[in-house]
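These are the structures, in structure tokens.
Shared chain: subunit A. Partners: subunit B in the first complex, subunit C in the second.
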Partner chain A sequence: MAVSISEQVRDLLKEKMNRQLLYYLDICARCGICKDACHIYRATGRVEHVPSYRAEVLRRVYNKYLAPLGRLRRDYGEVTEEDLQKMYEAAFTCTGCRRCMVYCPFGIDITWLISMEKAVLSSFGRVPEELSMLADAAVEKGKSIELYREIMAEQIKSYEPELRARTGMPEASIPIGEKGARVLYVALAGIHSILPAAIIFNLAGEDWTLSMFEAANYGYFSGETSKAAEIAKRIVDEAEALGVKEVVITECGHAFRVMKYLAGGWLKRDLPFRVRSIFQPFAEYLRDGRLKVHTQITEPVTYHDPCQLGRNGGVYEEPREIIKTICTDFREMTPNREKNWCCGGGGGLVAQTDLENYRAETGRLKAEQIKATGAKTVATPCENCRLQLALLNERYDLGVTITAVTDMLVEAVAVPAAKGETAEEISR
Partner chain B sequence: MDALSYLITGPMVYLSVGVLVFGMIYRIFRWLSVPASPIRLGIFPKTQGVSRTATVVRDTFLFPQVAEVNRRMWLMTVLFHFALLGVFVGHLRLLGRFPGILEAKMSESAHLAGGTMGVILLIGTLYFLFRRFKSPQKELSLPEDYFLLFLLFAIILLGDHLRLFGHIPFEVYREYAYGLLSFRPALPPALMDSPQKIVFVWHVFFANLLFVYLPFSKLVHFAGAVATNGIRRG
Partner chain C sequence: MSEHNVDLELDLRGLACPLPVVKASKSIKDVPVGSVMKVVATDPGALADFPAWAKTSGNEILDIERNGSEINIFIKRMK
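Here is the complex of A and B:
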């Protein structure tokens, strides 16, 4: 007899069971307090958006097959194709912000249950195509790196005149994969993530080199942990081969968390280098006078804590420190830091094109929060957040400028761009 | 004594307490026997040492963050659980005398304190039950949730009746409990001949059911909440 879907899910759950997951499956009281903490449920009021309800199918399988006395529970039924579809929608429409974990009286991490659901779905081949393809592309790139090195070097070279103009340093450069450098900088794909940071590193006289790889990890979003580990491993291997002391991750929420807190666990070893978010050295440069601020921004500015960088990564203060140094009118959103509202773009949602209206709807609380600050500029490090905030800006008529913190810093410390060209324009 | 009353207040009590104790040992052992994932799931900011412990204790017993998002639920939950703790401590008097002046003080205030806590528990149970009739809690609920609330409601209602309208001296209950402890379970004559007997027997019966079911239900959260709150701050 063929193995039923329920049994397949059961076997996978059994194989991948861990203590945290078991606690969560056993003790969730289904009290529903998490719904009050979730920006998605608060915006839509739909049952399937209650955080604990996202684990409903998984919990049903657990209760029936694996819980003590589960065999006596005959009221749960079999897992059907529709249930798998339900699980898919539950798993891939959550931003993974973990705000519900802050408010749960037990501290249950719903995303830990969801990551199990993603593992189940991936075993059935049900992963959002966009995310899976992006992950595969990254894995492939790791295999044929030499091919990319020259293309990348050539591209980067074409930005050196720009870099030299903005730093006023004729010898400024963007070294790629240089052995013996102190810092390995891991950027996102695209010059917008490389040039502004390169300007700052050069101005501060940092001993740095650029990674061949991009910091984003789509394996993490798709929930395919083996791919996620492989993508992270490319950077770990590169850092080890170059012998750097420190890996600095660009302005990106999940990339920092992945490298600092997850990669070691996935690869089952301690990483032989320090991992920091770009804000940490940048704030140091400002503090130590290695960067001189010549232009301050006087318009009101607010800062959005990306969930993966803040609540899940612990970087709250350094970006604020930088902004407060270069802006005269900084305004906090309420609530902020670990209680900040998710913008609605995380968890790979912005890469899933069919979710645009969903994102617009579920970003309502964030839009209201921004409006309440009266700020003209919203600075935020995460690229997914910025894409989502741009959508909210348009749909809710916020009339704000959305910017990366590094771009603001460049305007404050670098040589002003010629012909009214700003770093932001360059970076697009 | 009739056979049913004897079975419920005697052998069934031993059995259900046995299931409760060994069931909980099994559950805790089961948690600890599964390897923990090396991934740290804690959120930030992190605290270390004593302040981390203090935070975990605060989170577990007071969960103040809930008050920010759902004040009514927070209030009811905190009141309910503290009343539960109070009633539990009150029932401990059955098993022995509290030291010194404490015993006299507790005896003096038993009617008022026990009654108040009993009423809070009753209101709390009804509140928890009624909110499950409403979406989205309705869809979120499993049969277990209603079953547990029904059991609690029955135990509390009967207990409240005994406390507030029973008029049976505490010593009578203590005599019964001492009988249980010395493995000679029997209902004392004062209880046996009282019209409250039936209420008492049913109170014990539902409590027995709760004890038996508890280790296999979500109520194991009483034993796991410190651990999961620890994970959040880890």
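Here is the complex of A and C:
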């Protein structure tokens, strides 16, 4: 007998049920405090954008099939195709910023419920095509990486002349897959994520090696946990094989959180190395005098806390410490840190090209925050945030420069670039 | 130099994560099946990323050329 949609959702919910999920489903009083904490609802005013409402279909299935006395309630209908569509829109238009959780009087983590919705949708094969494609390609890359090891290492050598020029060190290099190194650095796709960090590691005299893999994990965004685990496992296996003491994750929103807090759970084991965000060793190098600042940035700079790195990853102070060391006019946005407004690009939304107008509309509060600082430069570590801020810069006419923190640090401590030789210019 | 009849050339140099593969994936739909798209990248990871993407999306890598810091990848749309 064919299983109905309701039964399939019910069975998955039963399988995944734990005390945390049960608590979140049971306890929500629908007080609506979360709506005022949400940048999306504040911009659109639409009921389907109220955070607690995003979990409504899931809650209905729970109430009908699993909650005490739920079966006696005749007003709980079956789950329909239309409900699945509503669930899809709820799950894949939320940035997962978790600001609603900070303000919820019960501490309900709505993104946990949304992760559950993504798992349900994934079981029906309903996942945004772009996110699923990115996750599939990353899993496949893990299977065939040995075929590309040598050619990638050769290619990376082609960037070393620039590295040597910017460090003034003839011996500076970008080691890849080197056994026994202390640190494994995991960058993002793109030389702009490798070369600036390589300059800093070399200047600081770090014993490091570059990962063959990129830090991003699109299985995490698509809600396909088995793919997310496989993508994370590539890096864990590499770190274990090389015997590194520490895995340092590049400037990225979600990648640090995934490796630090989620990968061990997915793989059901403790990771035998320390995981840090790139800012943590870089701030240490400055503090310990391993990097010397020769040029300070004098124009006003503000910092955007990526939700995944700040609110969801706990890294607030080190990027500020770096910026305050190299800039003379640092201006905080208000509010900031755990109460910072999301820019509107997280949760994999920037990869979904059909959501551009939605992202521009829902980034309004962030645009207003930036404008209020009067800053000329916005530094932020997450590439998704930077793409989204570039969209806001254009749509709200902010007139700011958007940059990575490491790029600013390089300008402050490295040998000044000859024209046409910066990492950014090389990569463009 | 490769001598492929290129129907579409895509400059992916310097694009932020995750745009290179997303753009390639979208753009290949703009050329007819059997046509060739060339992508230009500077990311060393592209050497492994594009073959992996081609395999999972059912397309074919015809050739990869390395020219200093630039990488040219020729992809044939198969379906």
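Rule of thumb we're sticking to: the second predicted complex is superposed on the first by the 418 of 428 C-alpha atoms of A that agree within 3 Å, B and C clash if a C-alpha of one lies under 4 Å from a C-alpha of the other, contacts with A are read in each partner's own complex, and residues count from 1 in each chain.
Just so it is clear, a residue touches a chain if its C-beta (ideal position, glycine included) is under 8 Å from a C-beta of that chain, and two chains touch if they have at least 3 such contacts.
Just so it is clear, the model here is predicted, and its values are computed rather than measured.
K.L.:
Thinking of the overlay built on chain A, is A:Arg19 touched by subunit B (first), by subunit C (second), by both, or by neither?
P.N.:
first
K.L.:
Using the superposition on chain A described above, determine whether A:Val47 touches subunit B (first), subunit C (second), both, or neither.
P.N.:
first
K.L.:
Of the two partner chains, subunit B (first) and subunit C (second), which one does A:Phe92 touch, if any: first, second, both, or neither?
P.N.:
Neither: A:Phe92 stays clear of subunit B and subunit C.
K.L.:
With both complexes overlaid on chain A, does A:Lys268 touch subunit B (first), subunit C (second), both or neither?
P.N.:
first
K.L.:
Would you check which partner chain A:Asp36 touches, where first means subunit B only, second means subunit C only, and both and neither mean what they say?
P.N.:
After superposing on A, A:Asp36 lies in contact with subunit B but is clear of subunit C.
K.L.:
In the overlay, work out which of subunit B or subunit C sits against more residues of subunit A.
P.N.:
After superposition, B is the partner touching more of subunit A.
K.L.:
Quick one: classify A:Tyr303 as touching subunit B (first), subunit C (second), both or neither.
P.N.:
Neither partner.
K.L.:
So which bits of subunit A does subunit B touch that subunit C touches too?
P.N.:
none
K.L.:
Subunit A touches which residues of subunit C in the complex?
P.N.:
13-22, 25-26, 42-49, 51-53, 55-57, 66, 68-69, 71
K.L.:
Can you name the residues of subunit A that touch subunit B in the complex?
P.N.:
17-24, 26-33, 35-37, 41, 46-47, 50, 52-53, 56, 63, 67-69, 75, 98, 101-103, 105-109, 112, 261-262, 264-266, 268, 310-314, 316, 337-339
K.L.:
Mind pulling up the subunit B residues that touch subunit A in the complex?
P.N.:
23, 26-27, 30-32, 34-41, 43-46, 59, 63, 65-66, 68-70, 73, 77, 131, 135-137, 139-143, 145, 215-216, 218, 220-221, 224-225, 227-229, 231-233
K.L.:
Okay, in this complex, where on subunit A does subunit C touch?
P.N.:
130, 133-134, 136-141, 144-145, 147-148, 151-152, 154-156, 158-159, 188-194, 212-214, 216, 218, 252, 350-351, 353, 383-384, 386-387, 424, 426-428
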